[in-house]
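Labels run A, B, C, D, E and F following the written order; every chain starts at residue 1.
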Amino acid sequence: MVLVPGGSLMTRTPEEGRALALTLARHTIHNIQPDLDILKGGRPNYASTPDSLIDAARVVAIEFQTIAAANGYWRG
Amino acid sequence: MVLVPGGSLMTRTPEEGRALALTLARHTIHNIQPDLDILKGGRPNYASTPDSLIDAARVVAIEFQTIAAANGYWRG
Amino acid sequence: MVLVPGGSLMTRTPEEGRALALTLARHTIHNIQPDLDILKGGRPNYASTPDSLIDAARVVAIEFQTIAAANGYWRG
Amino acid sequence: MVLVPGGSLMTRTPEEGRALALTLARHTIHNIQPDLDILKGGRPNYASTPDSLIDAARVVAIEFQTIAAANGYWRG
Amino acid sequence: MVLVPGGSLMTRTPEEGRALALTLARHTIHNIQPDLDILKGGRPNYASTPDSLIDAARVVAIEFQTIAAANGYWRG
Amino acid sequence: MVLVPGGSLMTRTPEEGRALALTLARHTIHNIQPDLDILKGGRPNYASTPDSLIDAARVVAIEFQTIAAANGYWRG
């Protein structure tokens, strides 16, 4: 299973960088738990629990730090 | 659903950068849980639980690190 | 509600930077939960629970990373 | 037990860097708990618990920050 | 109550930097909970709970990142 | 009790840097809880709980960020 779809941290926009952050987090989780049925089975409960959503948002925030730095914060 | 409203990490002031940090965190959560009714349903409990508020504040702090770095800490 | 009182990350001393870190964290929480009575109601329990205090200290530590970097670590 | 298989943070691609992040996290855990049977015994439960998966993904995200910085974000 | 005893992030050695990291974390907590008896009352339980100790160690690790960067990692 | 055994963040290899990260985390915890019997008493339970191991791995990851940066990521 691929961990970095596209094989690069470079994106054209912050929006695409943000989407990549979500993708990286999801692929990590899918890599640890390859059984998609188990992942889908846990989703309804987790996605309706505020604390779990906040925790997920934190992972995305950390991944985005890396991607944003890689892209020079899309300043240019 | 857009992840980075405005499409940029650049803001004029720390205040606007802080608001963007809150926005980014909220849009991540909304992206994971698109059903707004479920999000609103969980809010009264989470927003009156100190531990949940602290966790949310941590996500905002991490997002803000990225935004502040992107803006050169608004030093100029 | 203002998120960055004073509108700047610049402070004269580490001590003031540390105070700003506490302020930023508190204003985030107040922004998410605008009802001050609810915030005050949760405080006695949270402020006497070591795990909650440690969690709060972590948020302050993260905010301070940003502020310290913004101020060049007050090296000069 | 080796902590950094290969002995280097340098990788050719983000994909390999991501794999190394997972490896570093696993080797830390294996170092703390050398008994592989205990580790395997806990896995079915942890790997089907969304909150645990999110926590694991956070560790990988942090390790990846280091590896990505070490590799100059594979920009070249 | 002072937040940064000594008023500086500069230390002569990593050892002193590490001690400052512990001090900063403790002063944050003492600032949030000024009643020392409450803090001392919670300590026996928290200091004998591995998960709480790990959480505390994480705060120290984050504070130390800031102090180490401030001191140029004591490379010279 | 010493917090930074060896008194330096400099190591010759990533492997040694990783070992130092584990050491720093352990010395923090030992500093907060000086009674080694209490630490050892909690270990069997914590070291066989996946969530606790993941939390411990996160602390190591954060310490390693600092050490890796201090050593220029052992690039040379």
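Note that a contact is a pair of C-beta atoms (placed from the backbone, for glycine too) under 8 Å apart; a residue touches a chain by one contact, two chains touch by 3 or more.
These numbers were taken from a predicted model, which means no experiment stands behind them.
Count the smallest number of chain-to-chain hops linking subunit B with subunit D, moving only between touching chains.
The distance in steps between these two chains is 2.
Name, by label, each chain that touches both members of the pair subunit D and subunit E.
The common neighbours are F.
List the interface residue numbers of subunit A and of subunit D, divide the shared ones by all numbers used, and answer same when the ratio is over half, different when under half.
different
Centroid of subunit D to centroid of subunit F, CA atoms only: how many Å?
One centre to the other, that is 16 Å.
Nearest whole angstrom, what separates the Cα centre of subunit C from the Cα centre of subunit D?
About 31 Å separates the centre of subunit C from that of subunit D.
Going by the contact rule already set, what residues in subunit A reach two or more other chains?
55-56, 58, 62, 65, 69
Sort the chain contact graph into one of these: line, ring, star, complete or other.
Here the contact pattern is a ring, one closed loop where every chain has two partners.
Applying the stated contact rule, could you write out the chains in ring order, opening with subunit B and then subunit C?
B, C, E, F, D, A
Quick check on the complex: what are the subunit E residues that touch subunit C?
Subunit E reaches subunit C through residues 2-4, 7-10, 24-25, 28-29, 31-33, 38-39, 41-43, 45-46, 52, 55-56, 58-59, 62-63, 65-66, 69-70.
In their shared complex, at which residues does subunit A touch subunit B?
Touching subunit B: residues 13-15, 18-19, 22, 47-51, 53-58, 60-62, 64-65, 68-69, 73-75 of subunit A.
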